[in-house]
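First up is the structure itself, then whatever we jot down about it.
We call the chains A, B, C and D, going by the order they appear; numbering starts again at 1 in every chain.
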Amino acid sequence: MMEIGLNHYLILSTILFAIGLVGVMRRKNLLLLFFATEILLNSVNIAFAAISHYYGDLTGQMFAFFVIAIAASEVAVGLGLLIVWYKRHGNIDLDSLASMKG
Amino acid sequence: MEKYLYIALFAPLVSSLFSALFTATPKKTFTGIIASLLIFSAFVSSSILLTHILGGGEPIHVEMMTWMATGDLYIPFGFVVDEISVTMMMVVTLVSTVVHIYSIGYMDHDKGFNRFFSYLSAFVFSMMILVMSDNYAGLFIGWEGVGLCSWLLIGFWFHKESATWAANEAFIMNRIADLGMLVGLFLIYWNTGTLQYEGSFAAFAHLDTTTLSWIGIFLFIGAMGKSAQFPLHTWLADAMEGPTPVSALIHAATMVTAGVYLVVRSNELYSLIPHVGLFIASLGAFVAIFAASMALVNRDMKRVIAYSTLSQLGYMFAAAGLGAYWVALFHLMAHAFFKALLFLGAGNVMHAMHDELDPFKMGGLKKVMKWTYIMMTFASVALAGLFPLAGFFSKDTILEAAFAEHHFVIYSVLLFTAGLTAFYSFRLTALIFEGEERYKLFGIHPHEAYKYMLVAMSPLLILAIIAGAFRTTFFGMVEEILGAMEYHIHSHVTLWIMTIGTQVFVILAIMYAYKKYNNAKITVPDGTSAMENSFMYKLLLNQYYIPYAYEKYIVVPYREMSEVFWTHVDLKIVDASVDGIAGIIYNTGDRTSAMQSGNLSTMLKWMVAGLLGMLSLAVVFGLAVRYSDEILAILSGLGV
Amino acid sequence: MVDHILSILIFFPVVAALFGVIVHKDSIRAYGIAVSVIEFALSLWLWFAFDGQSSGMQFMESIPLIPAFGINYTLGVDGISVFIIILSTFVTLIGIASLGEIKNLKNMIITLLVLQMTMSGVFAALDAIIFYVFWELSLVPMLYIIGAWGGPLRIYASIKFFLYTFAGSLVMLVGMLFMAYFYNQATGEWSFAILDWYRLILPENLQLWLFVAFFLGFAIKVPMFPFHTWLPYAHGQAPTIGSVILAAILLKMGTYAFIRFSLPLFPDASVFFMYPIAVIAIIMVIYTAMVAYGQKDIKQVIAYSSISHMGIIIIGTFALNVEGISGSVFLMLGHGVVAGALFFLVGVIYDRRHTKIMSEFGGLAHSMPRYATIFGVMMMASVGMPLTINFVGEFLSLLGFFKQSQILTLLAGVGIIVGAIYMLTAYKKLFFGEITNEENRNLPDINKRELVALIPLTFLAIWLGVYPKPVLDPINTSVESIVQLMHDKAQTAEAKRRIPSPLSQMTIPVSSIEEAH
Amino acid sequence: MLDPVNISLESLNLTTLAPMLIPIVGALLILVMDTIKGGLDKSLYVVISMLFMGIDLAALLSASDMFSVAGTMMGAFDVMLIDGLAILAQLIIVGASLLFIPLALTGKRFHEFSYPEFFALFLFMMSGFQFMVATDNLILIFVGLETASLALYTLIALHNRDKSFEAAVKYFTMGALAAGFFSFGSMIFYALTGSVEINQIATVLAANNYADIGYVLIGTVFMLASLGFKVSLVPFHTWTPDVYEGASAAMAGYMSIVPKIAGFIVTMRLFEFLIHSHVVWLEYVLYGVVVVTMTAANMWALVQTDVKRMLAYSSISHAGFVMAAVMIGTTQANTALFLYWILFSFTNLGSFSMLWISRQKSLPDHQSSDHSYNKFAGMIHTAPVAATIMTLFMLSLAGVPPFALFWGKLYMIGSAVSAGYTVLALIMALNSAIAGYYYLKLVVYMLMKDPVAGVSGDTYTRNATLSLKTVIGIAAVGTIFAFIAINPLIEFITSFVYNSGY
């Protein structure tokens, strides 16, 4: 049985972050895109919690809490915008957001 | 005495400005009269100054004011009346007085009467500055000034394309030479520290020959332009487009001799560099015969006289180049008288013939134009150098000088040229005045010129006849300043043989000319005769094809090159590269602005791409730092 | 008041311009003339109060502006700048007085007054940054003049003019900052004062780099080959008044700056770059003269002729001796008068015919004799006829450079030939021959308003050609001190030799040899 | 039983918190007022906001007094850090906000200003930025950043146009990504050093002599990406033009100044110690990013057809310019950063305000977009004063002396030269020249083109009211007479920056 150490958490965090990044790049649906950003932020939370435990210092966990809080408010604002957009355009497709360019 | 100097100098300026006041108004005879009077007063002043100098008076030297002064350079408006300049002043004021009076009649019907006098007097003023200045810079003022007036006067009838073309040609050709002159001036200044004649002459003695030669050469290049020496000679014949009094004054008597004056004035320089002098003499001799040959066949009365002027300038340079400065100056003076007379006579003929210039279309004019006939004949005799007229004394001395200096080639060339001179002079008089009255075919009714014009010409006639008598006086006057070189052929017998031989040769030439052209069979050539189709004739008539060569190999390429420089180099290379840089910047912006597609997904990708790009750089760098020792080892192994 | 005359000269026009906004547009011409007369009178007073014997800066003013960075509002004039200032007020005066009926006259006059401020400012500034401020600011009114009153390509021309100059001067600004930094390194103080910089002796390789940086800014302004292509467009498109001021004053900023900055700050670099620059100048002289010959538009001819003449000015400047530099300063004035007048003259026919193509004309001497006369005088001045203003400058410039290189001077001298060629040809095309185009037959001759501009310029062109002393003397005094400074600062033996000290007696071979005897 | 935690109030040093708390109080007050009595006029909220900003300013000034006496202060469990940078940045933030808020008093009615929430959010945003600059704790920076950003997204969306929503969504999404980067970066530094306080991080890294340079670099990369997004460095800039176009002109002007200065302060705190510790990699990368940002943004600005987008690209370019100061990192450069930004805020706010007062409800035929260049054709003839002022702002942005921004550029390039970055100085100079083109293009349209038929002068001022004109007037005066203020500014800023150890 393998001992689960800090590195594993960090690697997991990194993998999750990468998944989030890919999601951010690939998703065409605004809602799913928001999910991807949530994955990004939460992947960091894992790492913070792990490192915090590793150092025996609470700062990391505090950071994680703040990240959670911010992620929550982001979702609130984001969903608000999304709803308005949906009301106006009837879709939440990323490609419809291209009236400005150049 | 200074007051006379100033009168002589500024009376022409006043005259010019006075006439200039009326340029916009119709013809006013009094402008001509007042101008003539003012020039005459300059003549009187010059005469007074001449008597002063002849009477052994000190040269008069005045410094009016500073012109340019900066650094070590100091150039005043300074004027000097010494033996050389007073001679020139006499020639200039006398001929110009005559020409002014003559012009009142000649320009009688011209719209630009007042303007003409303004220009003419301005020319006299410039010429006076040229000859009276006490430094090279002042001389250069006059030098350029006469060039300007010459441009104005050649192009006086500016509605004529040919006239304005000739004017521009004259100006530009002179400019080429002026550059040489300017360089000469610079050389003088940087080597002697001054442009004053006195100072620089004093310093010449201490300079090395190479420098002196360069100075001499560049000054002479200047002289070549003004005196229309080969290869800058083409403008003089074309300058005959100007009114005939202008040709008489500027392109015969005064301006074109400025080059000779320059060499004579710089005699202290040229006497130090005899090899340059020899070159000048050789070129002079060459021009003498070269110009005379072109005069042989030309069918334009004024051009014939112009070539003869050119030829005589060659004589003067030959003399000056051989060190016989006083002879050159003397010939300059004598030549001024008879050549001006010849031109003015030609002017009378032109007037009579309604501006017809082809002597073949004249003939028999002596019946209607007796006085003109007499004057022109005397002038031609003087030009041919027959005893006892002026030309004999001056020209013969040149031959003697060449002989005495043992330059026999130059001597023979000049001697031969004397024959040619006699021939074309009398070809001209014969064609104009003798023989059938061919002009009747063209329905022209010639008439003699105004009386006062003839009277005005009379001083020239007299001087053309008697000027030779002043030879000794003149020599006495200038010997101190120009070197006491009286040329004597050692053996009296040789001298007599030479003199008589020359005379006989000349007379034979005259007789041949009369025989050939004073007969009833002369008709207006139509290009069919054998002679006209001969190579030599064509060569001479086309002035050795030099003007064509200039046109084809200089003027046209210059024009084309200018065009290319503008349309290809300036617009397509220099400007286009500037615009090209701007264009590259703009186009780069234009193309790459596509990255701002407005698509959120793309924007996010750019962010991630930026992150990944920097990450990879960081990884590379991090690895490089971690393995720096190994990398260095590998690199040193590779010999870097 | 005379202590602050320079500030007054600079700021009076701009204050007047601000008040001019209130003036009704029907009276603006009178207002403009009144203001420019006062300005001109002030500049004459400056001349009157100026001590021509003193070589130093006069009427110095200094107010700390940004002392923390060594920037002070420092003004002062010497013999080199004082006459250009006077010329600028003069040209502005006659420019405003002779303005024709144009649209938006009010805007034009206000712009001209602002431009006047910048012109006085550039030549009076003794602080690099103040100099730079006015230098750049002068672009703006000119941009507006070309762009708003110009020909069909005016926008292209004005933007090109602005950006090209702007780019060059920004590089120059970096040079100035570096200079200040170096000063800071050397003394521990920040200073942009030119007179402070004069006291610095820079290492030679640093001089080279800085010289290049300054050179770019100046060369574009002058404009030197191959940076000259904005000029034909600017001139070709600008209205008459714009061309006049551009040619008469604005181009002089570049050549003036060479003398004010490049030479005294970088004497060794000046010697180092003397030959390359002379070659460029020769290209300017000959090449642009040929290009001028190829033009079809008379205004372009004059525009290219300006470049050609600026070549001679550059040659004179880089003669690095008193004769040459004095000559080039004088030629700046001369070219200002003559090129200004020529552009005025072109404006005269343009007003009448609305074309500048030479083939449209011909035989104008018949219908406009007075015009032809003044044009003729100015043309002769332009080709450097002695006793006109340009000759003095050209002669001295070439004379000066002859000391440095005889061959190059000879080549530069070709300018007097090629200059005559394009000028005479253009004159012939315009004035000589029969009238071929009926429209030209009844053109009115030059009128009073135009004479107001042209008579004074003609008078100046001849007066200063015959008697340059009152102007040349103060120039000479100041130039001597600059050359002395350069000589003292020069480090390499080559530079010491190339820049003769004007205070030591000139070594004439005569004296030395006579002593030897 | 746990011991009660005893913390003296002094040690909390609550004065350090005052400047941030004041806007929050103001915001809450506005919300409370609205709950008590709805439908109050916007002018009331404008005045209240300004009042609180005034108090904020006063608090800042007293803080600056204290700073000049006592030096850097810590407070609130050593989370707050009031040093020179913080004070200067807050002054800029509050000052710019003071100029911005009166722009709400437009002639036309606009949706967003009718909500009191707009003003409350605005004040929250201010406080968020103030927190962000006044701490070196990464957590607080993060919190401040997100508070401000979330408020900002909403403010943009409140403009209530299709484009504003699009802009808000774009900004929000990218902002969320950037937040992810920031937190990841913080995590790495935390992992490396066990601290989230920048000076602690610096100390620890210096102590182990940057042993884990690779990880430091990776953390730096994430931070740079996140902050680069905030200050719009290429290639993280893509939101800028779209968001500026979508937001109201006034808001765009505000966004070009305040969020960026906050971002710059954080970059200065975070990167300068790295650069000074000879992390050359960062120096090179920043060099590259700075050059690319300046140049590329300039090139894109060249090809714009809309003035507002042009100004957006131009502010990217200006940001690149200022970022150079961070890279150079000398006291002079940091001073130049503040000086530049103060002058830039005057000019840029002024020019965006000019666009703001010409805001139209509907698009005329000859215009391709709301602020297209041809809208301004011939403006000098129809609205001479407005055209002159706009010209002034454009010239100032282009760096034509003696207008405001010239002095900023001068000092900035000067600092580059003094630090030995001559090539960079040249690049900066040449970029200013390129930038000249697009500013000039507007000038050309205004001064040299003929007006479109039927366009009258009030096209450009239909939104103008006294308060808007006052703001523009202040900006114009500030732009023209900047040269008087440069010296005191330099001296003031230098002392603050120097005493903060930068």
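Quick note on the criterion: a residue touches a chain if its C-beta (ideal position, glycine included) is under 8 Å from a C-beta of that chain, and two chains touch if they have at least 3 such contacts.
Please read these numbers as outputs of a predicted model, since none were measured by experiment.
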item	value
Common touching chains of chain D and chain A	B
Chain ID, smallest distance between chain and overall C-alpha centroids	C
Whole-Å gap between the CA centroids of chain A and chain C	66
Centre distance in Å when chain B and chain D are each reduced to the mean of their C-alpha atoms	76
Distance between chain centroids, defined by C-alpha means - chain C, chain D (Å)	44
Distance from the mean Cα position of chain C to that of chain B, given in whole angstrom	35
For chain B, residues that touch 2 or more chains besides their own	582, 593, 596, 598, 600, 604, 608
Contacts with 2+ other chains: residues of chain D	169-170, 173, 177, 241-242, 303, 437
Chain A residues counted as touching two or more neighbouring chains	24, 97, 99-102
Interchain contacts (touch definition) - all pairs	A-B, A-D, B-C, B-D, C-D
Chain C - residues contacting chain D, complex	64-69, 104, 107, 129, 132-133, 136-137, 139-140, 143-144, 147-148, 154-155, 158-159, 162-163, 166-167, 170-171, 173-174, 177-178, 180-181, 184
Sites on chain A touched by chain D in the complex	10, 13, 17, 20, 24, 30, 33-34, 37, 40-41, 43-44, 47-48, 51, 55, 57, 59-60, 62-63, 66-67, 70, 73-74, 77-78, 80-82, 84-85, 88, 97, 99-102
Chain B-touching residues of chain C, taken from the complex the two chains share	160, 163-164, 225-230, 232, 287, 290-291, 293-295, 321-323, 326-327, 363, 365-366, 369-370, 373, 380, 383, 385-387, 391-392, 395-396, 398-400, 402-403, 406, 409-410, 413-414, 416-417, 420-421, 424-425, 428, 431-434, 466-469, 472-473, 475-476, 479-480, 502, 506, 508-510, 513-514
Contact footprint of chain A on chain D as seen in their complex	138-139, 142-143, 146, 150, 153-154, 157, 162-163, 165-170, 172-173, 176-177, 179-180, 183-184, 186-187, 190-191, 194-196, 241-242, 245-246, 303-305, 309
Chain B residues touching chain D - in the complex, by the definition given at the top	582, 585-586, 588-590, 592-593, 595-596, 598, 600, 602-604, 606-611, 614-615, 617-619, 621-623, 625-626
